[in-house]
Amino acid sequence: MTLSANKSSILPSGGGATLLDPSDTVILLLDHQSGLFQTVKDIAVADLRRNVAMIAKLATLLDIPVITTASEPAGSNGPLMPEIHEYASHAVYVPRKGEVNAWDNDDFVGVVKATGRKTLVMAGVWTSVCVMFPALDARAAGYEVYAVMDASGDPSEMASRVSLARFVQGGVKPTSTNSLLSELHRTWARPEAGDLAQLYAMAAPNYAAVIESYQRAQDAVRNAG
Amino acid sequence: MTLSANKSSILPSGGGATLLDPSDTVILLLDHQSGLFQTVKDIAVADLRRNVAMIAKLATLLDIPVITTASEPAGSNGPLMPEIHEYASHAVYVPRKGEVNAWDNDDFVGVVKATGRKTLVMAGVWTSVCVMFPALDARAAGYEVYAVMDASGDPSEMASRVSLARFVQGGVKPTSTNSLLSELHRTWARPEAGDLAQLYAMAAPNYAAVIESYQRAQDAVRNAG
Amino acid sequence: MTLSANKSSILPSGGGATLLDPSDTVILLLDHQSGLFQTVKDIAVADLRRNVAMIAKLATLLDIPVITTASEPAGSNGPLMPEIHEYASHAVYVPRKGEVNAWDNDDFVGVVKATGRKTLVMAGVWTSVCVMFPALDARAAGYEVYAVMDASGDPSEMASRVSLARFVQGGVKPTSTNSLLSELHRTWARPEAGDLAQLYAMAAPNYAAVIESYQRAQDAVRNAG
Amino acid sequence: MTLSANKSSILPSGGGATLLDPSDTVILLLDHQSGLFQTVKDIAVADLRRNVAMIAKLATLLDIPVITTASEPAGSNGPLMPEIHEYASHAVYVPRKGEVNAWDNDDFVGVVKATGRKTLVMAGVWTSVCVMFPALDARAAGYEVYAVMDASGDPSEMASRVSLARFVQGGVKPTSTNSLLSELHRTWARPEAGDLAQLYAMAAPNYAAVIESYQRAQDAVRNAG
Amino acid sequence: MTLSANKSSILPSGGGATLLDPSDTVILLLDHQSGLFQTVKDIAVADLRRNVAMIAKLATLLDIPVITTASEPAGSNGPLMPEIHEYASHAVYVPRKGEVNAWDNDDFVGVVKATGRKTLVMAGVWTSVCVMFPALDARAAGYEVYAVMDASGDPSEMASRVSLARFVQGGVKPTSTNSLLSELHRTWARPEAGDLAQLYAMAAPNYAAVIESYQRAQDAVRNAG
Amino acid sequence: MTLSANKSSILPSGGGATLLDPSDTVILLLDHQSGLFQTVKDIAVADLRRNVAMIAKLATLLDIPVITTASEPAGSNGPLMPEIHEYASHAVYVPRKGEVNAWDNDDFVGVVKATGRKTLVMAGVWTSVCVMFPALDARAAGYEVYAVMDASGDPSEMASRVSLARFVQGGVKPTSTNSLLSELHRTWARPEAGDLAQLYAMAAPNYAAVIESYQRAQDAVRNAG
Amino acid sequence: MTLSANKSSILPSGGGATLLDPSDTVILLLDHQSGLFQTVKDIAVADLRRNVAMIAKLATLLDIPVITTASEPAGSNGPLMPEIHEYASHAVYVPRKGEVNAWDNDDFVGVVKATGRKTLVMAGVWTSVCVMFPALDARAAGYEVYAVMDASGDPSEMASRVSLARFVQGGVKPTSTNSLLSELHRTWARPEAGDLAQLYAMAAPNYAAVIESYQRAQDAVRNAG
Amino acid sequence: MTLSANKSSILPSGGGATLLDPSDTVILLLDHQSGLFQTVKDIAVADLRRNVAMIAKLATLLDIPVITTASEPAGSNGPLMPEIHEYASHAVYVPRKGEVNAWDNDDFVGVVKATGRKTLVMAGVWTSVCVMFPALDARAAGYEVYAVMDASGDPSEMASRVSLARFVQGGVKPTSTNSLLSELHRTWARPEAGDLAQLYAMAAPNYAAVIESYQRAQDAVRNAG
């Protein structure tokens, strides 16, 4: 495990030694296109889109750079889901020239390098292709790479299980949307706590009902008071 | 099968003879409360809420009466999901006095009767209780009753299968959210077609991507023209 | 549907017209034996036992007669689960003389008849045998019969689906443990409400956490007050 | 069960008394459109298309009329799958004018009536809408109606189970592609036997390997002879 | 429900009024062929064969007639599973002349009629064809018909669910292997009890371990005595 | 694999060389809160709570230290499940100050260090966050770390599979409740054997029936003796 | 990967370099007891027993040593499944003195060492305990260890997935029954080929039907010749 | 990870550093025989065959060598699926002499070596045997090896999960058919783009409908223009 010993996100307790450092992180959202969504079979499209939208909001809230891309912007794969640039207006879009692997595209790699950040959080459709290829190549180029499995999609359950195994084999860290949220969030003792709670309600929809019940229970006491 | 031979919704072709008549229909949304949502295991809560929200929007769009209710409004079962009254501002809320079966409550039955409509579309949590009991009692009282299975929720897959069987046994018509939408919709040759398309995207999230792809494909031709 | 028009459990609103009448009901728990439990594959044994235990408590709380039985009390099928007689000390045990179908046994049928009640709620292992046979025979003998699917167990998912279909075909009403609880419960405006809430936490374990969260939320306000 | 006592397909043994009569049958393929396929979740699209293609071939082989239709031919729902008219060149296409329910469209009902046949085999996407509505209406109009569940598609497993229950409740006979093939096929002692074997390999892909193994096994003996 | 009021299997208690009468029963095993087994997808082939083999043993033990048949004995569908005639040497095999529906074959129907029995227990591959067609036709001809779902097989889960629904719709009683065993068994107080226990171990493999544990536990006491 | 060559739990046979040493072990139960339980989707809440309760009893029986914690004790996440401190009265509770990662909290890390033990057994909700972050950080700090997957919970099956892979990737040993019980138990030749058998009945509910059957079988011999 | 460079099972082509060497292999069957079988939930007990029985036959056919053991031979866990010693009469049984981990028992480790073989193929119930502990300890002691996942059993699907991950993490090679058969079998050009084909029919029950169909197909040609 | 630093497929951006080099690749299709297909349970046979056929077409399109083989060409395992040599007429078939492991056969290894290529993409039935053994042996012999999981098949889901783990443990790279297609495809800016799009429609059948919808949408604009 490669630990940058002096990450700013490591606390005196040792907490965060193995966690991603928000100030060193850039989020890459790869080929989340409407046509490709139809082929995704390891997660419901509603859940996939909600997870990606949550990440876009999270990036905005915590001021983390986002880069989006598509291989054939005018082709049958369709447009990027509009929620990404709607919720993350700071996101930079890099069109590709037909390359399947974003890391094959000089512009894309250039924009990543220009951020100066060395931790890449990737998600995309398909997991086994649009995330896998740049993830492995970036890892070989020395980046710390996370793959967000449930903000990505594969054309079968079997392909999805294979992707998970190949990420681990290649030194890429697999993660889930809720875990990414918490790993960037780190503490409720921060000014964004209220907004973050809303994001948890997106990452885990039952949590929305938890909050609603909590507020109603407290109102019942207050109203009775 | 009891057919009201002269429903206004029956066309000259015979179409609609067995379908619900929107002008005779009232929608009953029963106990969609945040606390009960946590016990639902036959459908994901995100899907359940989206389906119920779609029905609220549909009722508003097509001007169909909606009645909501809860058995213990201040208790641990929590508040009704707020989307219902948000999207269907014409909905009438009838608090109960602890009765589990809404049909046990005089106020509730009175409000239903006051609509003068004889076709009741019901959904709620739990399917096997909050929908089942009033559905069977209303059927016995002469109403035509539909139960929307995926706008309702049960605490297990097995309970859900049992509910479906018991509805059929009791003469209640089971249906699904997408089917209800289409049965009320009936034709794309109506002014609400654009709004209805948005509702289909809620009832079947892949349909949202179908529309997005369609528009992008056409834009590509137009832009190239 | 055979409705006893003057059931005491029918309210002025018409509520309960199709629901079971607690004063006419007897609960039959058939062959819930440790050896047979090992063969059950349509429900986890922990869930099955908890559901049966809940019914025993419910019967005690609402004073409903319970009859238990086993075909071969000393054989390899093992003892009845002890929770039943522990939680329902008023339950009457009727040993059989090897008959697989409890309705083949004169003693058992005699004890049922002696209650004078005409609504039989049955559960047992296997659903397709120990519940099915007496359920169909009792129905033929004029009883109203309910089969509690998830307080019973079958040796495969397929057998379980077949049982559900055969019950409906034979005029037996299928139900689930949570639905039975609510159908006997009927209203929160009764002195047993607190005890009943505990039973809901057994029938739907997430409900226990709902109650715990509710109380903690209210305590937080009170403690802050 | 309504049996036409003198169906030509009833044999002296009584065989076929309850089966469909090919000479009285017309096949209706409803809204099998590429856009709607993306929303189907109760069957893999590859399987759905293969089943529908098989039915088209079967209709051609056994000379059974086929009628196809789409509600909005130029809209986002996309084109009909081309295999149907490719394999069943005798199929008649009836465009609709936006009606969701094909039975609402006079042209469509007219073409059905013009065949003079009273047994309708229906399949389409969605099952719960595009098959359900005309199936129930046609049944009410006196037709014998079959719904081919796995040549149709619904947007969720739950919707699919609901559709099956509602078909049975409404007097529509549910069936599967393999069963339809066999019910029309009836006997291997007919000249089309070789072609029919190929259709079985489509309805049950393992059957293709059965045939291949059989031929290889026999070749091995012959070559060794 | 058609009850033969004076079945010999009805006890004074009323037990058995709705159950099958062994002395009026014949078992029909239809097309259990090795080639067709490869296409079965709703039950594992090992389980299917064990269930059928158990029925063969049961028929021998209780002296119930068995009739087997195959449509194309020398064709690619392969031979009948040999266990049937091995365990039920009294079984009568009726070859067909290519008819898919056994009820289309005069010889087959003749052999059934010759038994003079009116209750037919059927199983076969495929459920939706080889069981469905003769089951519906025999029902129309006045027979009481049972379909053993898990001693039969269908090419998909969906086809299997459809078959179950269509049996119920057509007045055929669906059942499972374990239920059939118990319905014929009726009581442990009979000389065949020991042999029957072995059959239960086939119908529910965990039951074999129940018996083994029981005997070991008792041996432990005896050996310690 | 890091083996402390002279663990007291290593036997002369070499047994235990790779197993955890009870005298070096501390159990950390992280954020088992009622609100978070509602979001768990990879294990039933009843099973999760029973597993955690079993661990609490086990720790008490074998005298192993337990530390509990919650990030926001008064917030919407709700109270810790009360069974933990009920069954493990020696457990030490360390409230956090909003940190999501317990290893970020100085008090918590301090209490862990104060035990002087180097083997940490962790469980919590969510697995991918409340267990993952301190597990990875503790591993980096030199601890031997076990993650008990089924005494923890994640918001989806996919998140759960990802957590398992990431634990292995990070050098954390994944385990299950039953395995932890056995790894601490080690031998039936100890005075706590009777109490441990009860714990097995919690970890594997069918085991309760195994014991009941065993005792009944032996009683049958003794009573007959 | 530790390769014994001069294994007798390595062919000139390099084939077998990474495969197990039959002459260096011993099979350990651990705690396959009737009581524990009831707790297995990751594989059907019928399949588990058939796989273990196949291994016993395989060991006899290929003359590979087998060692069996049980921790509490007279206790509630019940007897070993009798098929093992029935099919592998050369198997050596080593009773333990209550140790959960077979590697804790001097007798057991002694018998293993006495074989002089360094490749251990293990299977047992539970996978996560009775296989896991000796597998990890034997690996630490320098043995090459295989764990046969489907000749073993765990109390949940989750426990099973955890076991697989922990085996890989600990350097144990996971395998399946069919793979073990093939890895020991190596070639059809050996005198035992006919017997081995029968074992394949046990490891993959559809294969039995493949053989039956093959023979029938060839007989058809020969009989027609 | 062993990277050939000067692979021709590595772009200036660093893209492809970890991906397979088409000019160094040979595809090995192992034992895709009709008899073995019947035993495959981790993927539907229709999907498996379509994936293998796609790979054959891909190899032809991109001019990549293919080698096929079978262990017992005339035996009960049946013939190779004919699509392979139909779609890849350049494929070389190497019969084996009974060896289960293709790497045990000198001819086979010789043909592989003669290609001079060091990257082997393997698929076959069973995954755990016919792919696993040569994959591990080839890896030990210094080859870079990919295993295409969904162009292969195993006799159970559990065996399939075990195979995936064992591949990773042994240094073999697991992949899926769609990923292989993309990894060889690399860019849409090549003359084969149109043909490649058809292959995507095979690897992910929903993609066929995406293309159909796209073309229809554009036609609609053009026709309206």
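Note that the chains are named A, B, C, D, E, F, G and H in the order they appear, and that numbering of residues resets to 1 at the start of each chain.
Following the convention adopted for this analysis, a residue touches a chain if its C-beta (ideal position, glycine included) is under 8 Å from a C-beta of that chain, and two chains touch if they have at least 3 such contacts.
From a predicted model like this one, the values you see are computed outputs, not experimental measurements.
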Most distant chain from subunit A, judged by the mean position of its C-alpha atoms: E
Equivalent interface positions on subunit C and subunit F, same or different at half: same
Separation of subunit A from subunit F, taking each centre as the mean of its C-alpha atoms, in whole Å: 30
Distance between the centres, which are taken as Cα means, of subunit C and subunit A, whole angstrom: 48
Centre distance in Å when subunit D and subunit H are each reduced to the mean of their C-alpha atoms: 35
Residues of subunit C engaged with two or more neighbouring chains: 35, 38, 76, 78, 161, 165, 168, 206, 209-210, 213-214, 217, 220
Subunit B-touching residues of subunit D, taken from the complex the two chains share: 35-36, 38-39, 71-72, 75-78, 97-101, 103-106, 108-109, 126, 128-129, 132-134, 136-137, 139-141, 154-156, 158-159, 161-163, 165-166, 168-171
Interfacial residue positions of subunit H with respect to subunit D in the complex: 34-35, 37-38, 44-47, 49-50, 74, 76, 78-79, 81-82, 205-206, 208-210, 212-213, 215-217, 220, 223
List of subunit C residues in touch with subunit B within their complex: 1, 3, 11-19, 42-43, 149-150, 160-161, 164-165, 167-168, 173-179, 182-183, 185-190, 193, 197, 203-204, 206-207, 209-211, 214-215
Touching residues (chain side subunit A, partner subunit C) in the complex: 210, 213-214, 217-218, 220-222, 225
